[in-house]
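Sending over a structure as structure tokens; questions will come in a sec.
As written, the chain order gives the labels A, B and C, with residue 1 at the start of each chain.
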Amino acid sequence: MDLAAVIVVETVYAVASLILISAGLAIVFGMMKVINLAHGEFMMMGGYATITAVNLGINIYIAMLVIAPIVVGLIGLLVERLVIRHLYGRLVDTMLATWGLSLFFVGIVTMIFGNTTTGISTPIPGISIGDYQINGYNFFIVIISILLVLLIYFVLKGTRLGLIARGTMQRSDMAAALGYSPDRIYMATFFVGSALSGLAGAVLAPLVGLVPSSGGAYIAKAFITVISGGPSVIAGLISSGGFFGVVNQFFTFAISPVVGEVALLVSAVILLRLLPQGVTGRFLKGKL
Amino acid sequence: MREITLQRFAIALVIAGIVMTLLPLMVGTYTLTLLLVYGMLAMSLGLIWGFGGILCFGQAAFFGLGAYAYAIAAINFGESTVPMIIAVLVPAAFAAVLGGMMFYGRLGDVYLGVITLVVTLIFFKFMNSTAGPEYVIGTARLGGFNGIPGYQTLNVPGLPEQYIYGDSLYYVTFIALFVVYWLVNWVLQSPFGRVAVAIRENEQRASLMGYDIRARKTVLFAVGGAIAGLAGAFYANWAEIVTPGLFSLGQSAEIIIWCIVGGLGTRLGPILGAAGLAYLKFKLGQQMLIDNAVITGIILVLFVLFLPKGLVPAIEKIWRLSVGRKRGRRPARSRRGRAASHG
Amino acid sequence: MTMNRRHFLTATAALAGASLLPLSASAADTVKLGSVLDTSGIFDAYGKPMDMAMRLAVEEINAAGGLNGKMIDVTAYDTQSDMALYTQYGRQLTQQDEVDVVHGGILSASREAIRPTMRKTNTLYFYNVLYEGGVCDRNIFINGVTPAQQVEALIPFAMNKAGKKVYVLAADYNYGQITAKWIQKYVAENGGETVAVDFFPLDVSDFGSTIAKIQAADPDLIVASLVGGAHLSFFRQWAAAGMNKKIPMASTTLGVGNEHKVLTAEEGDGIMVAYNYSQELDTPANNAFKKKWAEAYGDANGVHEIAVSNYQGVLTWAEAVKKAGSTDRDMVIEALESGLSIEGPAGTVTVDPKTHHAVLDVHIMEFDGQKMKVLETLKQRQPIDTQAVCDLEANPNDNQQYEIKF
């Protein structure tokens, strides 16, 4: 019974962390139809920003939740102004350019921090469930990703800003005619997407050893989750994150972590073959 | 599209011969062999992407598959001729199955990219976890993270004791690249190749003309897989070890970069892009001041922004503008005329 | 135009030739030592101190007048934790640089990648790292501890303290696979039971599900043969779940790269290990060594097990070159096979002529406040695992790695 509870917690954690690592990419892809292949590196830089801040004596929560998103958001802003804005509407070209950026960031971070593993300890102690002990930090990640999804939902659905953003994404010419500058809105969206990537990287940093090439481990998963989710930002994120998280944990517990990873990838191939437009391309159409 | 004539082939043969003998004077044959292998790999993607419009994010999967197929077969057979053939057939067959699955499913560009990328990752994860003694094919242990070292390298067909290595491996690779290059040329100017280009230009129109797009794309994809596999087999002979790193995303990314920089839709562009960038990387690897990835990254971004068609078309354009103005006009026009009469 | 191009060609050719010249000219009056180590990438925690140790040993030998009157010239390559680069640099060292000896390789994967190259080119090869045992090749000398020296001592000690039910975690490549079998063998021999063996590829860094699985199996003892930076997360997550207070742990690898200094005291305390070296060894030889290290590099915090192995490996080779009076491969091998021994920071190291492995001291230790506290010292242990299968005196042409059948 306790084991079942532990497995449930681990599965919820797996789903939550998938959503967390995909959120930034989903916003940028869902709203702007831009696939940011430097997403993993944005996360990696979020992690480094956190570790650097903590080493400078800043409180770990402030470092993770405030400093990392702002730092990475600003980097994203710079990237959007210098590169992305010249490539709107050219999907494949943006993928290639951001791939180039990802290499660039790996190189820069290697030059600054060196190609070595760094890390910080988790700030939350272990928690017991019956006879079992689990990592208390898992709950923190679950809470953060629930808050994140709610926040995105309310901003898009409930605020005027969200309305303008959604309108611009659908018909930028109309939005422009109504006096809203699409250029500005794209810029702001990219800033938010990058900041979310930074946040995700920061929150995950205490769990793993960080190297400049860490981003590569995230980008594939995030990419698969977002594409399989389909056009809707939130519904897609939750449905595909949920599906992959459960598949991954099922095979992880049944066989081994490696089989879990491979099962996730294989199920993605099958899913895309059956639903070529992603989950929300077929179901939950028109939802956020 | 220029057609193959005996004269053109003869000129190419002479130029290739000169280049082949001159290159080793400037760069060591050990490095050169690798550049040629990369050139062949880039050509495989250049064919399916540049002429078939299929953007494959996982060309490294076929490269790695070729290398692994060669290594495993070489251990089992103890000579290299059959393994070389297997190293071409296995990736080709796999590409045909994968391509069939994707093209008959009518997947869009982005989804195609994701699937090829995911397949590469699956290979990487799987190969990385095959260290146990239960993963054996014939007498060859897959070795997991260790990779497979110590297999039979290229030998003179029928004489397993006569190894082809060092300088001779360079010449063999060069000739193989030349042969493959002309095979690709031949495919492209055949009706099959022309239809492939038509599909790239407008899939719907080609389909309305009665061409089976799905079958044609699948075949082209398989040909690309075969060439990448051959490149993998040569790589295995050069490196004398195959590791799961062959299936990495970084490797796939690099192939795409070579094609972009060299010039998509040209036949020589990807080869030159691959050789040039790999050489640059080799040179940069010897200095510690700036990290390699920074420069590769900047090059890719700059090319996408300012020279999306790549170097070879740009140089051709400049050539035509400067030299062509003086004496190139008339041959250019007659060439166009001939091509039209053929089409 | 043509003139210019031809000029350029001859100029570059001449340049290339010229740059080769000083090397070949100096080859006669120096001894060339080649080194291949991962001094960057995920294994740099192992490789960097090994590189420093090798350079320290060479500086000392050169300061004392070199080998037979010749200075040692080091050619070192950084393999960036990439196994494919090992074959590349291995060939560069043997064919282009034509070194007299190669010291290096960290992971067993890297050793197996370059060992064939070294043998083919008759270049003497030293692998100075703790490993899984069984390599039988006359061209290679190994001075790291093997399972019979380490696991055989560690397992009964840990089982006495913790209990009979053992859960094994190992890195998924040749080292982990073979070591896991040795662990199972010694657990069974000591009347225990191995409840499960899990293997992890070197890039796995999320161990949440594993920690839950371990608790479901409820073992008395965990034995971890995990390798590299990513696997360090296991010990963090284990401690973050509070498990380090509940189930005792022994490791065959933790601390080899000074991981006990990366983990906090709370995360690491109580983990049992067995190695040839510890910074806490209070012997004159070790204190003198640490002082030399501190003089060269500022402080001696970076010294670890395999750095010392590498240092002892270079000393052993140097001793043999002196004894042979030459750097000729066959003469040096003969000198080494005479049962040569040296005094290193970790005590006496003697070459075993039958297996080309080393006879050395092993200490059973426990992590305590980011230090390795020595609990028990076992003097001059023989590599009996390899001796049981390998006899290079009888079969000098043997060339394989024997694996334990279990």
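As a convention for this text, a contact is a pair of C-beta atoms (placed from the backbone, for glycine too) under 8 Å apart; a residue touches a chain by one contact, two chains touch by 3 or more.
Remember, it's a predicted structure, so these values are computed and weren't measured experimentally.
Centroid analysis (C-alpha atoms only) places C farthest from chain A. Should one ask which of B-C and A-C has more C-beta pairs in contact, the pair is A-C. Taking each chain's centre as the average of its CA atoms, chain A and chain B sit 33 Å apart.
Measuring from the averaged C-alpha position of chain A to that of chain C gives a distance of 39 Å.
Looking at chain C, residues 172, 199, 201, 203 sit in touch with two or more other chains.
Shared interface positions of chain A, defined as residues touching 2 or more other chains, are 258. Counting only residues that touch two or more partner chains, chain B has 125, 128-129.
Remark: chain C residues 9, 12-13, 16, 82-84, 86-88, 91, 108-109, 112-113, 116-117, 172-174, 176-177, 199, 201-203, 403 touch chain B in the complex.
The touching residues of chain A, when paired with chain C in their complex, are 3, 6-7, 10, 13, 114-117, 119, 121-122, 124-128, 131-138, 207-209, 211, 217, 249, 252-253, 256-258, 260.
Contact residues on chain A toward chain B in their complex (touch as defined above): 35, 83, 86-87, 91-93, 95-97, 99-108, 110-111, 216, 219-220, 223-224, 227-228, 258, 261-262, 265-266, 268-269, 272-273, 276. By the touch rule above, chain B contacts chain C in their complex via residues 22, 25-26, 30, 125, 128-129, 131-133, 143-147, 149-150, 239-241, 243, 245. The part of chain C that touches chain A in the complex is made up of residues 40-42, 44-45, 80, 172, 198-201, 203-213, 215-216, 229-230, 232-233, 236-237, 240-243, 246, 264, 267.
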